[in-house]
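First chain A sits with chain B, and in the next complex the same chain sits with chain C.
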Partner chain A sequence: MSSQRQASSAAQIPHLSPAELSYLYTSLSLPNSPIRPDGRSPTQFRPLSAETNILPGTNGSARIGFADGTQAIVGVKAEVEKTVLVSDTLDVQHEAQGTGNGEGGEGSSSAVTGGHGSWVQMSIEIPGFRDDDALPVFLSEMMRESLVGSVGVKDKSGEENMAGGLKGRLVINKRWHWRLYIDVLLLSQPLSYPLPLLSLTTHLALLSTKLPKLKSKGEEDPFFDDDWAVAEYIYPRVLGVSNTLQVRPPVTLLVISVGENVIFDPTREEIAVADAVLAISVTRDNEAGSLQPLKLLSIRTIDPPSRLTQPGIPNSENVNMLGAPAPNENVAVLNPATGEEEVPGVWRPRRGGVKRSVIAGMVKTVLKKGGVGEEVLAGLEGVEVS
Partner chain B sequence: MLELPTIQDTMNDRRRINGPAEGTRPPVYASHLKSGGATDRAQRQREPTDLRKIFLKTGLIPSASGSSYLEFAPSSSLANARSNPKSLIPPSSALKLSCTVHGPKPLPRSAAFSPNLVLTTHVKYAPFAARKRKGHIRDASERDLGVHLETALRGAIIAERWPKSGIDLTITILEAEDDRWWADAPDLHDASWGMMNVLAGCITAASAAIADAHIDCLDLVSGGVAALVSDDSTEDSAAAPRLMLDADPAEHRSIMAACVVAYMPARDEITELWLKGESSKIALEKGDQRSAHEALIDGAVDAARGAHSVLSEAVRETMLRAVTPL
Partner chain C sequence: MAITILPPVVEDLGPYQNASDSDEDMSDNSDSDVEMGGVSLQKKRSHFDSTKLGAKFVTPGEVVHDDPQWMRGHGTYTTPLSTSIIATVAGNVVQTNKLLSVQPLRARYTPEIGDLVVGRIVEVQSRRWKVDIAAPLLAQLPLSAINLPGGILRRRTSADELQIRTFFNEGDLVIAEVQSVHQDGSASLHTRSLKYGKLRNGVFLAVTGTGGGGARSNLSKGGVDSSLAVPGSASGTGGVVRSRRQVWTLSTAHGGGEVDVVLGVNGYIHISKHADGEAAASSTTENVSINRMEELVSSSIYSSQNDEIHPQTRREIARLTQSIQVLVQSGVRVDEDTVTGAYNASLQVDLEVGDDEDEDEGREYLEGMKARRIIELVVKGN
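For the complex of A and B:
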């Protein structure tokens, strides 16, 4: 049980022999033109089918299914909650000057308009895992931190443009706020590392999430329009330049490096031979004058499962091959990528970490203009949100 | 799941006078506020590239096969407040943690075969570690820290030398870092920044404890933090944030982004990287063309190099103790 628990941070390793792993690694690390088992290009995603607003009881929902049969459903629910002013904060200016009795000043409003990260709650259910296992906890923290970490920019025209990001959008007034529950359900066994599937589904669900229209004004107790048709999207539909939505929820991409290649959306077999696995969260940068179309929100390394695999044994060290004539090609060579002696064609799990240049390269492939991140966001925009 | 007593249960208890369910804070008197003292914001006295001093010692827990204890030097304002107390509330906190390694030991019979060493990491805050009390059951952030730590160490340990065995690594955090200055309300960029400093300390301490347990590693892996900080929250909000190494969140008004790395200097490799926050703008010297996230990673690596010098000295002391028994 403990080994299953331990492997959980990087999803389970497929049962591949050292020879198979070595074959996969060699074909994926071919310079400049990796050959993937399913024939995709390095930046191509698996085909998927998506639909939104499938659950009538939620504020927003989405379903995505990959062609290999893995499916995820996300439901977003919102509740109105009373804002409890944090008891251990101290508004120094107010108390020191003795102005204003408790509230009503402009100083205390800054804390409230910001919103709080804990108002977004995320839970992930993956079959075969307990809800306190490492994998679900790690995934939900990873996706939540990029959701609440994105802070929108204040537009010069003063329009409502998601100042404060998702957190800011949840504020109703000084005394009330929305609490958002994002529940992610993986319907199938995790055949590959489920992060891309869960992140894309959450993205679509948040895009389709609506909150009822507020009728009360200012500091009154909140009172909402009961007509669902006039409800407002939590991520408002403001079309910016080049006819794209201005404010988008973040999306987390899974990127692996094999040799010198950078590969996106890896399958279970591909991730098993990866040198480095990164989860990179990006969102659209709607700030004027920025060179890059995307903004980086977070990077996390994920433990590459190759470290748990069984190494292969070269013939020269194999006791069963003692009598056999020594083949000439079976000579250890120095692998330039790892700096270790390796026998070609014999699987040896990668030791050590990643070079900084490799990380920079992976991030650049995501962020650059016309790069993968932009492509993914554009593709998700194509899903009709009704 | 464990059933926790609900508030309802404690409400019905009328025979005792119970304390408030939430924590309380020590009183702050108006006279204090006028004279300053208690409410003086902690200020960073170090240079942007200066690190806090680290105390690291191994072999303190005899029953474990390897152990270490790590402490960050208190900031100058905390040191002042301790020597000359004006208030009950400490202005900032300094990290203190202990780490134990048990093993390598055979895996239990029920476990599946593993050709490699199986590493299990537990990170737990002591209930009194932070300003707000932590429960006895590990919460999501503690489990998250455990996964980060496991990733950082798994890359450094040469795991195939111990087939069918496992080690358990347990870290108890005795005093944690604050996420912000204690009297500040959470602002726009609020996040659990203190956790990142804690993780860096965990990595360095765990590395020392693993060396103390004589487990083969590629290199001593050390942790480092760098942060993008904007201190002038007043009118000049357009100013780009600056890079600070080993930033104590209590000493800064607003942290925009932070990055932790676990770094092996001998191979120039990163085994764990955790970056979060808005890293789009940064104020660098003229001619520096790096983007903000690259500068953050480089800064964290520099901090890790600094921690590595302390780490290697601590491991050297360990070896000296082993060869010259008292």
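For the complex of A and C:
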């Protein structure tokens, strides 16, 4: 029994019969208008409920619940730490010299503006998984990577807007920095691939994260204002200014392709028949003069589970149907998406591989102006941060 | 808008009450439901009052009553040392004369002989399959309890055992009947009828089934008609109930053709395109001998190849799936009447909404306002 339970918790994808898989695949791959089992349009997300600042002991926190009942809580904790100048950090400093500095002014090129990626720590807890299992480790590294990878740049007014992105924001002065602990807790069983849920929740938690206001100046030992009311958001929020110029934490969206169609926010069953599963990380592009509102940070492919499924047996090869009326419909047809010959109505496990144009289409749908990525970011900004 | 982000809802009230208290034109019954929900919440903390047994909600380990005059029923236990009756499940206290039982909020399906169930094969053994039917234990389907292809009647040989996977394989969906229930509550299934066998040409969805010993079946009209329902349990979890017809054919709108709906008593549902072959076979039963008919139909019993299904049919199957989801989420029971009602209501809602919502995106996604309206229509229709 225990081995059985473990298997079911590790298996992300339910057992589906070949007939179901074939039905789903054909529905989802109908040219231009896929029919999803729940009637959504390809770019539509399931409604989700979100709230922020739910944990009083953290610097910032958020909870998101998806419509399918999965829920995640993220807490962000910040700690002051002494900067140890190892050679690695020094390298970063040298690289960062070109971008200038945010704290001291006067063009002191030695100021630490780069920060270090290891100052952000992320841990993910998923029920049924050990914390050194592949899935939590992979997910946390994937999310941390895009988080520290996003870099802020000068905006139109020439003012520094979070140089060095999140990493740069964590620098207090040359000798001190903040260390950020991001703890992600999935409250429910992972019904579908939990990445979008965890990423959206982390985004929201970071948006609500505040650091106490610094009272000391320059290279003094840091000394903070006791008043929590004057604490500053780690991602500054400027009211009235157009949102597009502000630095925002990245979000990672899960996108699948079925045939030529691109589908967002896939359910577990939809992932089970996907040709390709991509995790696309985007953030706001605040570079002045850029055409697109969003910047692509990373694309990761995720092993599509469809290759592990059971193949269907065509009626012509089914030993139980030898006496059946002549099977005239068993003419193999070329699937345009994969270039393999298939009998319609019979499920064949995907062998992997997807056309370049499909991948390009997926990225374009996320990035384009008024596209899905922008709508998701706008939606998350709309959540009231109290 | 691709994404909808809602503020969190207070989860004290069941989803059905949520739906009703925002609509003024609901019937009086549902209003009283809301009040009752409130009462039961207050009652939870207050001292137990024996005159209002039905309104009490208990959690496992909570003392239901300590008066020796009461007898313990389902969902409770007593210790030899004391006379108090203690709940073993979370649910509402139900009083039948002097019998106290607890009706669980959620329970797995309890198999009973003769139930029509939809199951998924999870394990293939040498002479039988293990089937998931949402019961506490996996059910078994012996090789001797299936129809052989072609309707041949003979002993199962070792050759059959070797090719057991050609009949049903892991992951396959089967429609079967409960043949017997063992001492430990596990079930034995059989598929010895032309109606039973492998399912294809459609979608599967799992909702709550008849749990808790069928206690939910006395929740007539799924919490809508509160005069018949047990007080306090008006927010019943809905789901599939045992009814006269578990399998029927529905003719759909928008050129979707005919669609077969299978409501397994265990809460597993399969919706598929209507199989023409069977219809043809049954219509020509008069001039076909029994054996010949068996041959005709059973030829497709073990097929895992889908027929050609038109996009219109797929769209209507998706709509039907969602209609059932809406019913379940609102705690309305699922049977032939409500499913048909919800399907027709969804068509009507689409007509109503269609005018003022010009964007075409996600028109077929039934949630929020649309779901509320559908439930309203279904409730009125009954």
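Just a few scattered comments:
Just so we're on the same page, the second predicted complex is superposed on the first by the 337 of 386 C-alpha atoms of A that agree within 3 Å, B and C clash if a C-alpha of one lies under 4 Å from a C-alpha of the other, contacts with A are read in each partner's own complex, and residues count from 1 in each chain.
Criterion: contacts are C-beta pairs under 8 Å (C-beta built on N, C-alpha and C of every residue); 3 or more make two chains touch, one makes a residue touch a chain.
Just so it is clear, the structure is predicted and the values come from calculations on it, not from any experiment.
After overlaying the two complexes on the shared chain, residue contacts for A:E20 are found with chain C alone; chain B is out of touch. Using the contact criterion defined above for the overlaid structures, shared-chain residue A:N315 touches chain C, although it does not reach chain B. Of the two partner chains placed by the overlay, neither chain B nor chain C lies in contact with A:L187.
In the overlay built on the shared chain, the residue A:L55 is in contact with neither chain B nor chain C. Contacts of A:V80 after superposition on the shared chain: neither chain B nor chain C is touched.
By the document's definition of touching, neither partner reaches A:L214: not chain B, not chain C.
In the superposition on chain A, the residues of chain A contacted by chain B and by chain C overlap at 309-310. Residues 1-9, 120, 122, 149-150, 163, 166-167, 169-173, 198-205, 295, 299-309, 311, 314-315, 318-319, 321-322, 325, 361-368 of chain C touch chain A in their complex.
Touching chain B in their complex are the following residues of chain A: 1-6, 9, 86-92, 95-96, 108, 110-111, 114, 116-117, 132, 134, 137-138, 140-141, 145-146, 148-151, 164, 167-168, 278, 285, 287, 290, 295-303, 307-311, 339, 349, 351-356, 359-360, 363. Residues of chain B touching chain A in their complex: 22-25, 28, 30, 33-34, 39, 107-108, 110-112, 114-116, 118-120, 131-132, 138, 140-141, 143-144, 146-148, 150-151, 154-156, 158-160, 166, 182-191, 218, 262-264, 267-280, 293-294, 297-298, 301. Against chain C, in their complex, chain A makes its touches with residues 15-20, 22-24, 26-27, 30, 33, 35-41, 43-45, 47-51, 63, 65, 67, 264, 309-310, 312-315, 318-325, 329-330, 343-347, 372, 375-376, 379-380, 382-384.
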